[in-house]
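These notes open a run of structures that come right after.
Paired with subunit B in one complex and with subunit C in the other, subunit A is shared by the two complexes that follow.
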Partner chain A sequence: MHTFAYARPATLAEAVALLEAHGPAARLLAGGTDLVIRLRDGTARPAVVIDVKQIAELRPAIREENGRLVISAGTVMTDVASDDRVRRSFPALAEAAAVVGSVQIRNRATLVGNVCNASPAADTAPPLLVSGATVVAEGPGGTRRIPVDGFFVRSGVTTLARGELVTAIELPLPARKLGAVHMRRTRRRGHDLASVTLCCAVDEAGVTRLAYGSVGPRPILMIDESGVLADPAGSDEAKAPIFERMFADASPSPRSMRASPEYRLAMLRVLGARALRTAIDRLARG
Partner chain B sequence: MSEMLQTVPIELTVNGRRRALNVAVHHTLLDVLRDDLELTGTKECCLVGECGACTVSLDGRIVDSCLVLAVEADRAQVTTVEGLAVDGHVSPLQQAFLDKGAVQCGFCIPGQLVAAHALLAERPHPTVPEIQEGLAGNLCRCACYQQIISAVLATAEGTAR
Partner chain C sequence: MRTDRIGGSPNRVGGIGRVTGSQQYVADIRLQDVLEVKLVTLDCARARIISIDTSAAELVPGVRLVMTAAHLPQPVPRFGPQFSDRPIIAVGETKYHGEPVAAVAAETRDAAEEAARLVRVEYEELPAVFTIAAALDPASPLVQDPSLRAGDPLAGTNVLREHRFGWGDVEVAASSADLVVENAYTFPMVTHFAIEPHAFMAAPDGDGIAIWSSIQHPNWLQKIISQILGLPLAKVRVFAPDPGGGFGGKQHTKLEPLVAFMALRTGRPVRLILTLEETFQAVRRTSAEVRVRTGFMSDGTLAFQDVQANYLIGAYADIADRVVSKGSYPAAGPYRVPAVRIVSRSVLSHTTPATAFRGFGNPQVNWAVESNMDEGARALAIDRLEIRLRNLARKGEAFIPVDTPADGDWEQTVRRAAELIGWGTPLQPGRGRGLALGIKSGPTTGLSYATVRLLADGSVIVYAGTSDMGQGARTVFAQIAATELGAPLDWITVVMGDTAVVPYDQQTSASRSTVLMGNAILRACQSIQAQLRTMAARLHGLDEADIVVEGGAVRLPDRELPIIDVLKPGLGRLGGELVGNGEMRKEAEPGHPLGGSAAFYEFNCTAVEAEVDEETGDVTLVRHVTVSDVGKALNPLQVTMQDEGAAIMGLGHTLMEHYIYDERGRIRNLGAIDYRIPTSMDLPLEMLSAMVENADGPGPYGSKGMSEGALLCVAPAVAAAVRDATGVAIRDLPLTPERVWRALRDRSTP
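Let's turn to the complex of A and B:
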């Protein structure tokens, strides 16, 4: 591994100052499950690595605040997956966090890190999109709240500005009853990246939210307010054209080694239909 | 501490013993365990967090030590495979691995043991799918998976419910 300078700021202000001073030559370190691999293989060659784990505001914590669930930047997947409030109000997010990597990875990888890497295959991205999550960023200009749908650009690229870091993810507690599920397709059971990752939520007002990833440069959110998809008695024929519109933006890369574009597009439709049925069932069961 | 550092003094507790040393910031916990502390039970293998041969317990949770910088383990409690023995004898889990023939070439076994130990600490009586999930981050190229699962089940059966 090539060498770098290491900084362990104790305050957010120090971290922001370091980020502002070093710009793209600095990389943030939280769980390290992506960064350390990239430091070793040389695909990341930062002059400075800023370890954010000693910053009080970023310490692992999930708390309820003004009708939102706030997950701090230091919170690891294991704790997201096992938290009672996440499981109750955002079961699809808990399901997604529970399938990231292995136990060893989930004990280290943070939810915020998963979002900031902006991998198109990030398993937590679809449930965060469906839940209307907001990314809270701290920077030289103060605090900024960015809807997660406006955060992802493409793999490794987000709308964060120079000097900004993400301090938390906020999820509005659902006002309506809903049924939601996360599903994914991998080459093998256990520890693998998704060939398709998808989340579907249906609420009692008939709105269906569908988000999917690993089939294009960034995860995509689609919303159907017609009530057709959410109708438990609706026919597959009636739902098919709406599904097709929702999947129209999928454009899997032909260069990926995990799965061919044809396979991904076929599985996207299978998983989409399966997830919709599960979401409808869950809503009915309450 | 926000000044820029190339080497950092750290203190950590490894298998119950306090250790203080200076580490290069680009060295991993795995490097330091093997090369500085000479605890070579923990193995270096894939270096991308897929195989689990470098699994250790860090503050009570298992991690891939190839993906943790040594400086991140400052003030932490670390348990490696060398810390699993009880009073100088192999633990019941280690004995079960031997009894069930779970050890062939042995390279993945330190990681398997640390992961299985953590699983049993959390779930003293795991189901087979729970064992499979708990050990999904530990690959065995000898494909001793059935024997490893049998060893974990046997250890659980030997534990009072």
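Let's turn to the complex of A and C:
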């Protein structure tokens, strides 16, 4: 393994200072489920690894605050998936967190880490997009709140500025009743990377929010306020053109060996229709 | 019945160590002063090596040796189980992605890795062949230097060997057949994926050398090292700790000669533990393209089988050509077929050297021939089970002329599988059933020696050169000794994996060990029983003929004694022990197409019920039935575990596993992320393993080998179920959701 310096700041301010000083030569370590593998295979060769696990503000915690659920940067997938408040208010996020990696990985990997990697296939990205989540970043200029839809750029790249790190993700507790679901396509049922990952939420006002990933450089959020998609009695023919508009931006890579673009695009439509049916059904069942 | 005797299922010998992590694999053995080795490889398949500059690598602190071909005896020795074609390290040219051109030995793994990155290799990438079509194109480059097989008329081609088997006249049969079905099938390139990666260690040992390897055939390795180093066998000591899975991928010598030379040059122990990615580049199964033409009479009777199988082997032969010949030889299946023509070729390519893999070349042709049986049945409107039963060889029938006749009542196996799958009962919509038969020739030659020592207190040590790589050989061997000598299982030690201590065994392969080594152990026990009889006669003033030793007891005319009651007084005040030796030999048969007839057949029937999601192409196995004819289950739980394990492994190449190469011959899905094997979540919703026992095998108590059978015909059974559910026949593996989806889409396109 390549040699690197290891820092374990005790405060957020120290972490920010280190990040600012080293810029792209620094990598943050929380769960380590991506970073350690990259250190070992040499695809990441940072000068310094900043371990953020000792910073009090980042310690694992999920708390309710001013109508929002706040998930700290140290919170692992297992805890996200099993948290009662997440399961009640953001069931699709719980479903997504429960299929990331394997049991061992979910016990280490953090939700914030998943978001910061900005993998187009990140399973938690679609439910966060659908839920209108906000990324809370701390940096040299203070605290910044970034809507998650404005956070992802492409694989490994976010809109974080030099010196910034994510301290939490905030999810506004839904004001309306809704039904939501997360679905994915993988090559096998056991743990795998998604070749399509998708979340659909339908609320009682007839708004359908659909987000999907792994079919382009970044996950995409689409909203239908016409009420056509959410209509339980609506015909497939009526819904089809809206789906087509929603999926128009999907552009899967032809270089991937996980699935051909043709198959991904076809499965996006299959999952979209299935997820919509499930979301409508869940809304009806309350 | 006591569970530690034959027919019981005691806790596995060594099982607790295996599941708690205390078992010592090669990588767990820590020798003092050991140097860590890292291989230097190129980022392409075939390249001419122009120069190797090791100077920067040698400056890395802790580096003790950067070995290249220049450090080796010239010409660089070559070795292999079938052909001496593989050099110890690449000479002049690399022939596949991952072939080492140099190797670094350093005090730490980090230093070795760092130095390996700093070895500067100047090379010129050369045109190469990665597919059967490219390899057979006369305009393509040759993989093997023709001088390595001077005088061979095929030396100017990429065909290493062509094998022709058969009987009867296919053309005559074809002219009178009522139906001829011809199709081509492909079988993917897959790797063994043993959970323990290959590991090699060597150390100078007095005036000889010691080698540690995760190898299935320690004695064969000993022979090869002895030849390469010019040392007598007695000066080459091979330690073979129980491997963590082998599946054929650990049968033969790979990088042991390289680490041996590195150990001799540095005067230190050196070890090389491959990464999972490196094992992908070290071993794989032969892929294949099989064209099969099957002739039927209108009543479903087989008229002929005409099979052309091209197997893509790698850059060096390893044992792959034997895989091709032995695997294709029973291609016509367990059926009565009047005319058979089999032409199989081992085709060299610039890819990972192919080697033995559970099933040994049979699943490739079985996939084609059994799928074609279904095609014939459908065309003739005969039930797919019925057409098989109609042609199935009866016990004792010479279904392959001049080979071992059918050695089981195979119809029992087929009927049991059909019953367990509910063949002929109504199906839910979207579901289908498939059923296939598989057959594999057991070992054609064999030689196993065993030593058994009955110690003064009645405890037993068994010495057997088998490698227990998870199949449970230790347990079965201990059960044989427990049954014959009366000791409880925990009073028996089975010693394996040290050529300086354990007598010779030819190999652990072809599901042979229960039969061949088992018989050797049984004979060693019988030798001890004979000595006990002599003892008892002396002690009790009886005639030996009036004494019987069996089932762990000594029976005198008027009473029965535990063995210990004869042993103790018989050995007397000084104590001591009784030693028995056993030998089991299956001689070669000159003139036989394979060099010897089958010691037994592995016969299996697999039946599945599958549900197909027509929107996504997902195939869900609702039920998977596997039934094997095992002769006698010495340990029924282990038989079930082997059967289930083989079946699940078969689901890998059937549903998801395959290497993906890029245009430069690099494996794109190198490693676990993009090469998917079935997990526990991918198993059939219900799996049923059953066995047929008629005690008609050549092994102890009527047993047969059985560790591969359940893998043989998984693919045709599953594909047949998909066909039954959807009407679509798919002739390429694996049946990934995308491939099934495409086939369904193309079906519905007018």
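Observations on the structure shown:
As a convention for this text, the second predicted complex is superposed on the first by the 286 of 286 C-alpha atoms of A that agree within 3 Å, B and C clash if a C-alpha of one lies under 4 Å from a C-alpha of the other, contacts with A are read in each partner's own complex, and residues count from 1 in each chain.
As a working rule, a contact is a pair of C-beta atoms (placed from the backbone, for glycine too) under 8 Å apart; a residue touches a chain by one contact, two chains touch by 3 or more.
All values derive from a computational prediction rather than experimental measurement.
Once the two complexes are overlaid on the shared chain, A:Ser235 sits clear of subunit B and of subunit C alike.
Contact with both subunit B and subunit C is seen for A:His191 once the two complexes are overlaid on the shared chain.
In the superposed pair of complexes, A:Asn107 makes contact with subunit B only, with no contact to subunit C.
For subunit A, the partner touching the most residues, choosing from subunit B and subunit C, is B. Once chain A of one complex is fitted onto chain A of the other, the partner contacts of A:Thr43 are absent, as it touches neither subunit B nor subunit C.
Of the two partner chains placed by the overlay, neither subunit B nor subunit C lies in contact with A:Asn66. In the superposition on chain A, A:Arg8 makes contact with subunit B only, not with subunit C. The contact surfaces that subunit B and subunit C form on subunit A in the two complexes overlap at residues 1, 189-191. Subunit A contributes residues 1, 42, 185, 187-193, 257-260, 263, 266-267, 270 to its touches with subunit C in the complex. For subunit A in complex with subunit B, the residues that touch the partner chain are 1-10, 14-15, 18, 29, 32-33, 36-37, 39-40, 48-49, 51, 53-54, 78, 101-105, 107-108, 189-191. Remark: subunit B residues 1-6, 8, 24-28, 47-50, 52, 55, 58, 61-64, 66-69, 71-72, 115, 118-119, 132-134, 136-138 touch subunit A in the complex. Interface of subunit C with subunit A (complex): residues 110, 113, 117, 615-616, 655-656, 660, 668-669, 673-674, 676, 678-682, 736-738, 741-742.
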